[in-house]
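Quick heads-up: structures coming right below.
Same chain, two partners: chain A is paired with chain B first, then with chain C.
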Partner chain A sequence: MYRPALLLALCAAASAFQAPFLSSSSFRGASLAKGVTPAAPRARACGPMMGIKELRDRVTSVKNTKKITSAMRLVAAAKVRRAQDAVLKTRPFSETLQKVLGGLIQRLKKDNFDSPLMTERAVKKVLLVIMTGDRGLCGGYNSYAIKKAEGRIRELLAQNIEVDLVTIGNKGNQYFKKRYNVVNSYTIGNSPTADQATPIAQNLLATYLAGDADRVELLYTKFTSLISSEPSVRTMLPLSPTGIEAEGDEIFLMTSKDGSFGVERASSGKVEPQQFPKDMIFEQDPEQILSAILPLYFNGQILRQMQESVASELAARMTAMQSASDNASDLIRDLTRQMNRQRQAAITQEISEIVAGASSGAN
Partner chain B sequence: MLRAARRLAVRVPRGFRPPSRGLADDAAAKGGPIPTKLTFNLLAPHKAIFNKAEVDQVIVPGADGMFGVLPGHVPTIAELRPGMVEVTVASGDVKKYFLSSGFAFVHANSTLDVCGVEIVQLDELDPSAVSSGKSEAENALSSATDEVEKAKAQIAVDVYTTLTEALASNK
Partner chain C sequence: MSIHISIIAPDRTVWDANAEEVILPSSTGQLGILKGHAPLLTALDIGVMRVRVDRDWTPIVLLGGFAEIENDELTILVNGAEEASQIDRDQAQRDLEEMTVKFNEATTNKERIEATQNLRKARARLQAVSA
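Entry: the complex of A and B
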């Protein structure tokens, strides 16, 4: 025996259950195009209230928005290339230093060498360096980094460790300057150069050596793929001798897969420490040379992290702009269809009116 | 300056046997025949000025005095002071660069890496700017009150002095 009322209730419950998924999926599209007008009025576009003229206007405006977002995507792609060139130019220098540094550390290991840059101190105060982008419209890139930083700050404060901040990138500065003690802030730019990294590195070294901070931590967003990049925290100072030997440089490569741009991460491979021959002449004391190389190495590390952050930001922007463009295309298709339907309805109505008029006249 | 004199008294690092100075025969005895050219890399953080270039000779400003590197030079690591890097690409073709500070690494296979924090070609420097900069630095030195400022000004004066010397020798 059928009971229609029950069936109706069942349908209502089912749709209520599914509604969150529906709304969240449309919301995802909206959030990707955040700050780009078309997403929010989507519901309105589907409503019956719009006339043909309004619809035509909306299609034009969405088309314009799409032009902007796809241009931004191309600009981001071009910048990735520039950032990549900058990375490649710095490589011979940093690689040579790293090789020699590795060799020196291996040689000095037996002598229990200690440099102020390598000794662990009891941590009372941490200098947290936060790298974000200068501008928005790059998906969750900045907010991920900021959230991670907030988490780290709370973690440190809970351990009764003081935290000072240094922000690299405007977005982080805007967020943190009102909330915490930001001692220094820098912009990150489009392709970080050694000139930019030097003052930052010197400042961090000075703060650390003066004892104003017992540890320097760096929070940056590590680029993993076009759709995911993970923020990570890394201790910069004191330098750990094992860390120096282990790392290889990373380069970002522009690729074109299936006719669309992509960014790939490639590792240049580990830089092997150089084996010094026995009769190597040290013009200065090896310890002195090591002390002089370490700041240069640190400088290179900062530069590298900045470059990696910029590559992540650009990749994030490319993805965000891609989704915004796709979303705009969908919207244009929907709106155009609706416009055509209305136009057709109007024509049909006119024809039927004419036919009705003609037939009544004939009678 | 007593660079030359100090050079003779190079400090021998603890635990190392006394080095035999840059004797070409020495290297040849171990590593086969000495190549006729030196493989040279001149590296700044933002670019590689020479990358695996074949040159005849390079003179670098070691912290303890200038020294020349020829093919077959004994492996060396040296800190560099501000000064001129003179690259003899071939006889008669000499290129001069000014280096703010850095390191020279001579490898056993007749390869020389010079890493400089800042490297410029000497011809690109404006002599009038150098002389005005020098007088400015000297003023700063005489008016400096605390130790840090004084040290900074002293470094500036030293750099400008070597720059002036380098430019004078280039004429």
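Entry: the complex of A and C
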């Protein structure tokens, strides 16, 4: 979608942009059009008065930046819509899977089924999968996820448990590869597909089954609403039978109320486990069938979590760009007022000079 | 006079149509399904599924999953599925050779598990375009 050069320009523009907002003071000379690097924020009161022309230039440059941030907001909104469509497409799969899986687990409940994917082992090593975004400019999204991951890693290390990392998303990879042992890294993209999720799931399963890790944990950002989403850690392997049964399906929906975009969370309720007919033939042992289904379930879960994280990222970007645009409007208003005041002052001064000259001539 | 088949992958429905006869790659061998089959649940291996409409057989590569038959409704959930028409024969041949080499070179447990999976996928792909 973005060419790298363009993205770089955008980053520069927005970082030039955000600095003054954080310190809530004015800055000077960060003109996008001229490609000048962001100047240090300077408090309006202490700096020398800017001339009318300078002020006018700055208003123009802030206006340009505002155009970019609002465009980025719209782009993010369009992508949320696409991400939502992708989630809807996973419904038939997850619903059927949940039904059959629930039915099987109910049927097997009396016996003790032990699938290697469900057996708890003594934990010496944990594989932590971290999902972040590929890009920045989305508020605190990436840094929250990274902070949470750091916290979890420290917790585990404090318990003398080794940690290996798998990162999904460039930002996480950039941060963690210098600090910890990153075994594998993937990008997350804008709308994760099964083609992306399957190799990841396969790799995680292989790591777990080979005994290279005794538990697989996943850090993803749970999408709650446009303004809040929380990074959470969840154990993916070994799978717990209760977790599979109890889970309802939640999806996010894009809304456009009052002309502004919103995203809501909708729950489709719990899927009832399927009641198999009495004469149902189980071609293999139900246990064996279960162990064929569990990887599917795992695969679906990974895909789901990726989609969830992407939705959170896009929502975070929408919010960040919205507040950047709002700040730009404020800045434009202030600067324009300042400019008009100076213009008026200059006019007043000219008039009083003329009047003074005229009156001294008359005398 | 037919069974309804839907093949569902995690992110899309791959196939949704009627057919007269289906042969499934179950994990305990090939399994033929005709109309009026008793309700059945089976695990599927990585392999080739064949669907017959009239006299035409369509091979589809299934990447592991399970199938359920009830009232002439065949629901197949898989990790992934590919129609044979999307597979390039030479490419499949090369992939198989590459995977065989990888499989033989695998040293760690993890590599072996992954290589086995990939080898079976490559084999199924080639099988689908060969027959």
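Please note the rule applied: the second predicted complex is superposed on the first by the 316 of 363 C-alpha atoms of A that agree within 3 Å, B and C clash if a C-alpha of one lies under 4 Å from a C-alpha of the other, contacts with A are read in each partner's own complex, and residues count from 1 in each chain.
Convention: contacts are C-beta pairs under 8 Å (C-beta built on N, C-alpha and C of every residue); 3 or more make two chains touch, one makes a residue touch a chain.
Note that the structure is a prediction, hence the values are computed from the model and not measured.
Asks: When the two structures are laid over each other on chain A, do chain B and chain C clash or fit?
Replies: Superposition result for chain B and chain C: clash.
Asks: Just to be sure I read the superposition right, which of the two partners does A:K147 touch: chain B = first, chain C = second, or both, or neither?
Replies: In the superposition, A:K147 contacts neither chain B nor chain C.
Asks: Which of the two, chain B or chain C, is in touch with more residues of chain A?
Replies: Here the partner covering more residues of chain A is C.
Asks: In the superposed arrangement, which partner chain does A:D195 touch: chain B (first), chain C (second), both, or neither?
Replies: It touches chain B and chain C both.
Asks: Have a look at where A:I289 lands relative to chain B and chain C in the superposition and call it first, second, both or neither.
Replies: A:I289: touches chain B and chain C.
Asks: Regarding the shared-chain residue A:R337, is it in contact with chain B (first), chain C (second), both, or neither?
Replies: The answer is neither, since A:R337 touches no partner chain.
Asks: Classify the contacts of A:K89 with the two partner chains as first (chain B alone), second (chain C alone), both, or neither.
Replies: Once the two structures are laid over each other on A, A:K89 reaches both partners.
Asks: So, A:L209: does it touch chain B (first), chain C (second), both, or neither?
Replies: Second partner only, chain C.
Asks: Once the structures are superposed on A, label A:N299 by its partner contacts, choosing first (chain B), second (chain C), both or neither.
Replies: Both chain B and chain C are touched by A:N299.
Asks: Per the contact definition in the header, classify A:P277: touching chain B only (first), chain C only (second), both, or neither.
Replies: In the superposition, A:P277 touches chain B and chain C alike.
Asks: Take the contacts of chain A with chain B and those with chain C, and give the residues found in both.
Replies: 86, 89-90, 92-94, 96-97, 100, 104, 193-195, 276-277, 279-284, 288-289, 292-293, 296, 299-300, 303
Asks: Looking at the complex, which residues from chain A come into contact with chain B?
Replies: Within the complex, chain A contacts chain B at residues 86, 89-90, 92-94, 96-97, 100, 104, 111, 193-195, 274, 276-277, 279-286, 288-289, 292-293, 296, 299-300, 303.
Asks: Which part of chain B faces chain A closely enough to touch in the complex?
Replies: The touching residues are 10-11, 13-17, 19-21, 26, 41, 43-48, 51, 62-64, 74-79, 103, 105, 107-108, 113, 115, 117.
Asks: For chain C, which residues are in contact with chain A within the complex?
Replies: On the chain C side, the touching residues are 6, 8-13, 26-28, 31, 38-44, 63-66, 68, 70, 75, 77-80, 108-110, 112-114, 117.
Asks: Under the stated contact criterion, what part of chain A meets chain C in this complex?
Replies: 86, 89-90, 92-94, 96-97, 100, 104, 193-195, 197-198, 201-203, 205-207, 209-212, 276-277, 279-284, 288-289, 291-293, 295-296, 299-300, 303
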